[in-house]
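Below you'll find a set of structures to go through.
Below, subunit A partners subunit B and then partners subunit C, in two separate complexes.
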Partner chain A sequence: MAKDVLIVGGGPAGLHAARNIADIGGNAILVEQRDVLGGTPDEARYAALTPHLESAQDALDEMRAAVIDRPEIDLRLGSTVLESSGKAGDFKVSVAKNGGEAEQLDVGSVILTTGFQHFDPGRETQMYGYYENPDVITLVDAEKMLSKHEFVRPSNGEKPERVAFIQCVGSRDRRLGNEYCSKVCCGIASKEAIEIRKLLPDTKVYIFYIDMRMYGYWENQLYWPAQEEHNVIYVRGIVTEILKRGDRLLMKGEDTTMGRPMEVEMDVIVLSVGMEPSAGTREMARVFDIEKNKYGFIHTPGEPMDPVSTSVPGVYVAGAAAGPKDIEDSIGMASAAAMKALAMVRSAG
Partner chain B sequence: MAKDVLIVGGGPAGLHAARNIADIGGNAILVEQRDVLGGTPDEARYAALTPHLESAQDALDEMRAAVIDRPEIDLRLGSTVLESSGKAGDFKVSVAKNGGEAEQLDVGSVILTTGFQHFDPGRETQMYGYYENPDVITLVDAEKMLSKHEFVRPSNGEKPERVAFIQCVGSRDRRLGNEYCSKVCCGIASKEAIEIRKLLPDTKVYIFYIDMRMYGYWENQLYWPAQEEHNVIYVRGIVTEILKRGDRLLMKGEDTTMGRPMEVEMDVIVLSVGMEPSAGTREMARVFDIEKNKYGFIHTPGEPMDPVSTSVPGVYVAGAAAGPKDIEDSIGMASAAAMKALAMVRSAG
Partner chain C sequence: MSRVDKTEGSIEKAEAVVDGVDISGHWNRMLEPRWITDYPTEAMDWVTSLDGGESLRACYQCAKCVPVCPVEHVGSYGPRKLMRKVQLGNNLMEDPDLWLCTSCAACLRVCPKEVDMLQIMPAIREQAVLEGHVPPELAKAFENMGRHGNPLGQPSRKRIAWTKGFDVEVPIMSKIKRKVDVLWYVSDYTSYHPRGHDAARAMARVLTRLGIDFAILGQEEKCDGDSPRVAGEKGLFEMLAEENIATFDKYEFDRLVVMDPHAYNAFKNHYPALGGDYNVLHYTQLLVDYIDRMEFSETLDMEVTFHDPCYLGRHNGEYEAPRKLLEAIPGVKLTEMPHYKATGFCCGGGGGGMWLDGFAADHQSERLSERRVKEAVEVGAQTLAVTCPYEPSRFEDAVKSTGNDGSLEVADIIELLDRAMGLSES
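Moving on, here comes the complex of A and B:
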């Protein structure tokens, strides 16, 4: 009999992979370290999805419902994978309920969906004063406010008159070692800017960027409506420093389209933080002894034709554990990995 | 017994979907209108894949080998789908060998992988003089030269001293109705620019752009190496007109970073043409009576969580038939569609 597929991580990619395997007649064990399913979109309380602004929780509820109470899926919440041995078709994996005793599982193949973490803007970017000034926040902090249908100055709870997003915080930055682009921040900032303009029609909202990477339909779904329907103001510019001036923030830098220095007062500044590999992704790379790329994400040597195989046969990756991905990428990769993982257990079974 | 899955289109997405279905124990019928498999990358003779520059033909050969001579896959080359009736789980589809009599097939579900066509730069963009001047070419024309390991001025066969790429030809253009971004042209132009610089180290190569959309790893895989290792020159600017001056081309426009008008002589100008729905995509939308979006691509109402379901149950889409996609997108979508199509025939079987 064919063995189970082990899926590590219960975010969108892991949920979609598990559902796919069950739908096609396979069996999966899904291990998630938190006590709830949903991954980063749940943990960070994402409000609305990019680009159509439907409820993130509704979308996650639908994905969770598709894996709960199914005989083909063995859910292990509050659990972690400690060690692994063996090889493709025959892995022995030890899994423990957090704080409990380890249990050994026999699985035929593995899909890692352990995702990313948001860049910590306190690390090496002191110029933005994230930990010093409550009115300097991140995309994630903004999302939490928006999920409660509000957007205020955290320092005093008042309505901001001027809000600025700063793009590429922790991305496209050689000094930090993160040369890559985090892919989704342009779209997410634009989505949040639209939501703020809808909530607060008198508030001016600016987005300061290097390149607006609104690839594919995000161009017409987000970038044009943001400007034409919601009056979001996009400025190609570099922000070099944020200072306090009275009870507001003074943002200094250069407007690179106009070619002149820029000093603007803002009430709230949102740092568009990028993606870094999560602790779980780094740990699973160690447990399964797979190659990481120079950024610590899981290496996929077969890309672009095979974006899910890792350096170890029988171990696959899907979603942002392999680098910056949007939700559509994660869903597609989850299916591609599920196909390979299931074919592997069947050929070995 | 579960019915077959019909796949329409033998490009990367169709090949990957067929292989996936066979690998997992299903049966597929793959209909391709040309007499060979490989789709647009084959027809347009792509030389090297973005971003790693491996041979496109080698990659296609591997994909073709995975579907040829497999009992689970019924290949119908030189064939087209004429009509369809029925519903999810029970479609009657008439398929004809080109010029031959139609045969009726019973299939349970359908995956459309009929792809895109390159924007025709003669249409409504006369200012670039594509059909008037042999030294104005497209990304596709450049790729054909590069596949023969050469890059010359088409008008005289000589080595060009200066080459310019113009981005967003047929994309991000409301006048044409193509407001969307074609997603891959920034990466492909950068890849070709690197290849030209390798072939012709004395040739200056420029890329004129609005935003460089090197999302994710393309930033570090292509954009930085293009500039630092290969001295490709990126200029943020708008090109408004191309004129003949002697035996060279005079490119007029504005350098938007420097904020000044620009007049530069070039020997070859490469138009970075975007994606439009292929004739096959438009035709299959008619045959299966599925909704298109305003650009004529196949509408996917469930995105981002479900990027492959169409408006008709049992009919799925993968790859650039649904809009601008890169190869990784196409592979992921092909697996996602294969999963859904196979689950559909099994639940109905």
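Moving on, here comes the complex of A and C:
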């Protein structure tokens, strides 16, 4: 009988991979270190999904329902993978309930779906004063407020008159070592800007950018509606410093299309933070002895034709463990990885 | 509606008043935009082929450099604009913009692509120097440094004029003929400028009172060469460095202590490659370890703000030693300006700016030192504390020109220590 497929990480990619394996007659063990499924979208309380703005929690509920109480899926919540040995078709993996004793599992293949973490803007030499000014927040903080259908100035709980998003915080930066574009922040900022404008029609919302990166359909699903229907103001030119002026924030930057410096007052400034590999992704790279790329994400040497195989045969990756991805990419990768992982256990017998 | 006059390439309203100002006729003339007809690559290829010029091409026009560039505040300048100029075919060789950068490093601090104007500017300037495209004031300073070993064109025997006529003995290495703990490199402006003499004498009194075993080079001392290096005279820098290293190597000392952050930068970061490797300290870094031994007899009772020198702060990461000294002085209340520490605003003297005052005035709306003085006045400071020999004269001029004479004092930290320790002459 074919061995089980081990899936590490219970976010969208892991949930989708587990469901796919069960759907085509395989057996999966899904290990998740938190006590709940849903991954970062759940933990960070995402409000609406990009690009169509449907409820993130409803979408996660549907994905969770598809894996719970299925005989083909062995759910291991509150658990982590400690060590691994063996090779493709025959891995010996030790898994422990957090704080408990390790259990040895025999699995034929592995899918890593350990995801990303949001960039910590405090790392950026405190340039934007994220930890000093309560009204300087991140996309994630904004998302938490929006999930409760509110958007206020954290410093005083009042409605902001002016809100600015600053793009590329923690991305496309050689000094930080994060030279990559995090791919989703332009879309998410535009999405949040639309949500804020819907909630607070009198609030002016600005997005300051280097270049708006709306690949594919996000152009007219997010960017154009934000600009044309919701009157979000896009200004080309990034912001360098945020200073306090009275009880407001003063942004210093340059409007590069005008070629003029700007000093503009804002009530709330949202930093569009990018993605970095999660601690779990780094740890699983160690456990399974797979290559990471220079940014710490899991290396996929077969790109572009094979985006899910890692440097170790029998170990696959899906979602943002392999670099910045949106949920759509993650879901597609999860299906591709499920296919390869199941083919591997079946061929190994 | 006022009549509109059109001529070839321009348009103007016969009558127009804006904000109560009459701008009728040619005062409101709008010219047709000049079309860009080509993006020639030669200028960029040339700049990036220079040793040090390579990173200009990396600019992706994010514009983070623009709001932090001090020269941008008094004109239209930021590094990303210079990059666009080069992209449009201007190699900057005969452009005034080549000489306005003060090498303050504010842009490099925030640049996500590490475009390094501290290397790009000297690389292009070096070519301009070779071709003879140098503003005359700067050329004169270069000549003085080459001929006399200092930018003021003073004879070397006058370097020790400040040691005469006050009651502290200043030992000179060539005379005492023994090893010392501290070799004090006095620097040009401290040695020659009348306001520098105040700091030099204060330093001599404080070192003596603290019982620090020190001596100076006296007439053998020469300009450290760091500012001409950034201003494009690399050959002059190397010549001065070799001469200074030969002099240092004649003597034995444990620590090389400097008054000038530019000299600190040269000795610490550029002399080692030429064979001169020393234990270099800025004087604030030396004295911060002696605070416990300082006996203060005076209370200064003043609101002080501190101007971070670019070459001590951003270039070399020292923000705390000067502040600790100021805070140790009884009665001093330190208030920070909005631009402080890493965001400190340049005085305009670096990178050759010290010798381009007239040139800069012709191309800027205001001196950078005037901007800075206004900032100090805005935070209510009575004293602007400095710790770079370029600054007392620059800021004192700016205090006068901004109409703050009598309300803002400029003083080197060493002068304040000297006063609080009850040593000063006045």
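Here are a few things to note about the model shown:
By our rule, the second predicted complex is superposed on the first by the 348 of 349 C-alpha atoms of A that agree within 3 Å, B and C clash if a C-alpha of one lies under 4 Å from a C-alpha of the other, contacts with A are read in each partner's own complex, and residues count from 1 in each chain.
What we mean here is this: contacts are C-beta pairs under 8 Å (C-beta built on N, C-alpha and C of every residue); 3 or more make two chains touch, one makes a residue touch a chain.
Just so it is clear, the structure is predicted and the values come from calculations on it, not from any experiment.
Counting residues of subunit A touched by each partner, subunit B versus subunit C, the larger count belongs to B.
Of the two partner chains, neither subunit B nor subunit C is touched by A:A44. After overlaying the two complexes on the shared chain, residue contacts for A:M127 are found with subunit C alone; subunit B is out of touch. Once chain A of one complex is fitted onto chain A of the other, the partner contacts of A:G237 are limited to subunit C, with no touch recorded for subunit B.
Of the two partner chains placed around the shared chain by superposition, neither subunit B nor subunit C is touched by A:L105.
In the superposition on chain A, A:T256 makes contact with both subunit B and subunit C.
After overlaying the two complexes on the shared chain, residue contacts for A:R172 are found with subunit B and with subunit C alike.
Touching of subunit A by both subunit B and subunit C, each in its own complex, is seen for residues 172, 256, 259.
Interface of subunit B with subunit A (complex): residues 12, 20, 23-25, 49-52, 59, 62-63, 172, 179-183, 211-220, 224, 256-259, 303-307, 323-329, 331-336, 338-340, 342-343, 346.
On subunit C, the positions that touch subunit A within their shared complex are 58, 60-68, 72-73, 76, 78, 80-81, 109-114, 338, 342-343.
For subunit A in complex with subunit C, the residues that touch the partner chain are 125, 127, 168, 172-176, 210, 237-241, 243, 252-254, 256, 259, 261-263.
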